[in-house]
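Listed below are the structures to be examined.
Next come two complexes, and both contain chain A; in the first it sits with chain B, in the second with chain C.
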Partner chain A sequence: MFNYTFQWKQALARLPQMLDGALVTMQIAILSMAIGILLAVLLTMFRLSGLRLLSAIARTWVEIARNTPALFQIYMAHFGLGSFGLHLSPFASILLGITFNNAGYLTENFRGALKAIPETQTRAARSLGFGQGGAFRYIVLPQMLRIAFLPMTNQMVWAILMTSLGVTVGMNSDLYGVTQDLNALTFRTFELFALAAVIFYLITKVITLGARLIAARLFRY
Partner chain B sequence: MIEIENVRKSFGALEVLKGIDLTVRKGEVVTIIGGSGSGKSTLLTCINGLEPIDSGRIVVDGTEVHAKATDLNKLRRRIGIVFQQWNAFPHLTVLENVMLAQVKVLKRSKPEAEAEAVKQLNHVGLGDKLKVFPSRLSGGQQQRMAIARALAMSPDYMLFDEVTSALDPQLVGEVLDTLRMLAREGMTMICVTHEMKFAREVSDRVAFFHKGVMAEIAPPEQLFGAPQNPELQKFLSATH
Partner chain C sequence: MFDTALTAADFAFLAKGAGVTILVTLVSVLAGTVLGILFGVFRYQVGPVLAAPLTFVLDIFRSIPLLIQLVLANAFLGTILRLNISGFAVACIILSLYTAAFCAEIVRGGIEAVPATTRRAARSLGMTWGQDMREIVLPLATRVALPSWIGLALGVMKDSALVYIVQVTELLKSTQILITRLQEPLLLLMICGAFYFVISFPLARFGGYLEKRWSND
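Right, the complex of A and B next:
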């Protein structure tokens, strides 16, 4: 029953291609996080604005992002928009899908973080002559980002792992896509995917450790 | 000059200010005493427009605080306020706490803001804590930092809302000393306080608030020496 012959050399020979794929994976994750954070800050301001339309937009976004499969969100970016005649490349689709997901989750994280910041901080800022926007930007936002930093790191790890869903929309230049193609060429299924898993693991480990270093530097208080 | 004319204010069904009239001249120190719920803190937050009022008006140097056309952000630069809870900005060092609003609100240059911040922090005795984060300060030090932060905006008026109430007893003295110093220097101040000895010492006039009404106002020797209002007499005998 167990007569599989491991051929690690064959898989390792493909390592450079897989590492190229890993770079694309990181590129997608970093971009989707950067844009996701900006969008989440915007959605958080929508929520705080007190304007019904804006907070409804934020609420809907968060609800969909958190309560539907990430795969569905990526499908919608590719095939969903495609049926309206808006055809995105696999790269753009996966980026859009993950960014949408990131923004939703991060907005919810930010909401939790905001609750931890006393109302009196805003009051103190306003009494120094800051407007609503200035109080948010200089006093609330930096504290919010600090409190939400750990959840943000989690989301970054999640973004890396979500890139593997790109194969479903024809993405083949990221780590998972490259591995899938190599598997079709060589049929070294176990070796290739095991290698891919190790690379995924190492990337996320580096991110977690890196985040810890950044946190130690940034948050001295 | 701060002119408060027949100011009324309710929170829901509860009327906390029932027609307050008070004029504070430049250079004057007025303290407000009274039991909790007497409306004294609310009045302070109304003066710098943090709270709206229901009727009456508050005029600061000719600017009506609650008029629609009044730019409150601009007005607040002239009126410093320090709260019971000191509200240090935890993500900024002591120096940055005192510099931020100067740079962002008053548009002072960084060197200028830093020089002013250092001056004010020295003034309140925190000259050796510039690079420290507020979490490393005691409550009294944080409160003095909050005072320096307000003073750095070069306000014409300072409002102090029970600034020693949240402090451990042994830290009250250092903050009161800072207030005494400001009073001596001629800062126009309105202090809401429970420190009777302090009120007696620094005030030009002391006002007694009771249930949303200014029941009595007089120079300290008179107010403490020969209180007229029966509620004030009760209040003073309870606090002495």
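Right, the complex of A and C next:
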């Protein structure tokens, strides 16, 4: 039953290529998080604006992002936009798909965080002479980002795991794509993907621990 | 714009894919929840030090892309152990463990939310550990855990879109097969997305409603 010879050397020999892939994975995840946070702040402002059209946009975005598979969103970015004549590269598709997803989930996280900030703070800021924008920018936003820091870390981990979906739209330079190409060359499926799994695990651990350290430093008071 | 080559047979094909999605989800959520409850209770009961190996293994399922988990399980069970196992079975096994990993966390959170004093009171009234668990902890922990559990179940349904990698033709894969043939990506993706949305949105709303209703008291 068990006559399989593991060939770990073959997999380890490809480690440099896979680490290059890991860098691309990190790049996609960080970009999608950075843009996602900006978009989520914008959508949160839409929600708070009280304008029906803007809050409808925010609500639709959040519900679609949260109620359909991430893979579907990436297909939409790649094949869906393609039928409008907008042909994105695999990199752009995966980035757009994950960013859309991130923005939706983060907006929902921000909504939860806002609940924890007393309404009276906005009123106090307004009566001290802050404008509506100023009160949000200087009083609400910093507290909101701070409360939502842990969910944001989780979302970052999700973003990294989601980059593996890029392979479905022809991405072959990220960690999963590189691994799959190497697999087509060597057929050491288990060894290669096990190595990729270890790299993914280490990346997520470094991020979770790093975020905890940053949080301890930033929010020590 | 509304001309389409989509036929009734294609719809039946999509419906079949949707059936597979639902079946995989149901099996995995059921098995994963049972396992998750066992793991969660075990972790709470033996404490963090003794449960460390289990915690570590469950953490792996949450820190590695599902796609890689599926590929690895397929390679391990099929190529290394040479079991004659279907893609559907591999998908269900991995998704169950994946669900269990998250569910254990939810269960533990639920149990921890029950005040220790309430449980001690139950025990000092003469209840056994089993009675305390069934009559006191279960109802109180459910209130905390159920909304998150609904979110988890919906998440598993959405993540089940990835099982195409082990040759299971679920909804999104069926859609993609049709896209390749009909070259109408937008229409087909809209149908597929609408299906997920119609199932997920009301349940997510219901979860949110429960969370709001049960959080006050």
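We adopt the following convention: the second predicted complex is superposed on the first by the 221 of 221 C-alpha atoms of A that agree within 3 Å, B and C clash if a C-alpha of one lies under 4 Å from a C-alpha of the other, contacts with A are read in each partner's own complex, and residues count from 1 in each chain.
In the analysis below, contacts are C-beta pairs under 8 Å (C-beta built on N, C-alpha and C of every residue); 3 or more make two chains touch, one makes a residue touch a chain.
Since this is a predicted model, take the numbers as computed values, not measurements.
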Thinking of the overlay built on chain A, is A:T204 touched by chain B (first), by chain C (second), by both, or by neither?
-> second
Thinking of the overlay built on chain A, is A:T68 touched by chain B (first), by chain C (second), by both, or by neither?
-> second
Name the contact category of A:K115: first (chain B only), second (chain C only), both, or neither.
-> neither
Figure out whether A:P142 sits in contact with chain B (first) or chain C (second), or with both, or with neither.
-> first
Which partner, chain B or chain C, touches the larger number of chain A residues?
-> C
Counting only touches as set out at the top, which of chain B and chain C does A:A196 meet: first, second, both, neither?
-> second
Scan A:R212 for contacts with chain B and chain C and give back first, second, both or neither.
-> neither
Counting only touches as set out at the top, which of chain B and chain C does A:H87 meet: first, second, both, neither?
-> neither
Complex contact set, residues of chain A against chain C = 1-2, 4, 63-64, 66-72, 75-76, 79-80, 82-84, 157, 161-165, 167, 176, 189-190, 193-194, 196-197, 200-201, 204-205
Counting only contacts in the complex, chain A reaches chain B at residues 118, 120-121, 123-131, 134, 138-139, 142-143, 146, 219-221
In their shared complex, at which residues does chain C touch chain A?
-> 60, 63-69, 71-72, 75-76, 79-82, 154, 158-159, 161-162, 172, 176, 179, 184-186, 189, 192-193, 196-197, 200-201, 204
Residue set of chain B touching chain A in the complex reads 48, 50, 73-74, 76-77, 80-81, 83, 85, 87, 89-91, 100-101, 104-106, 133-135, 146, 149-150, 153
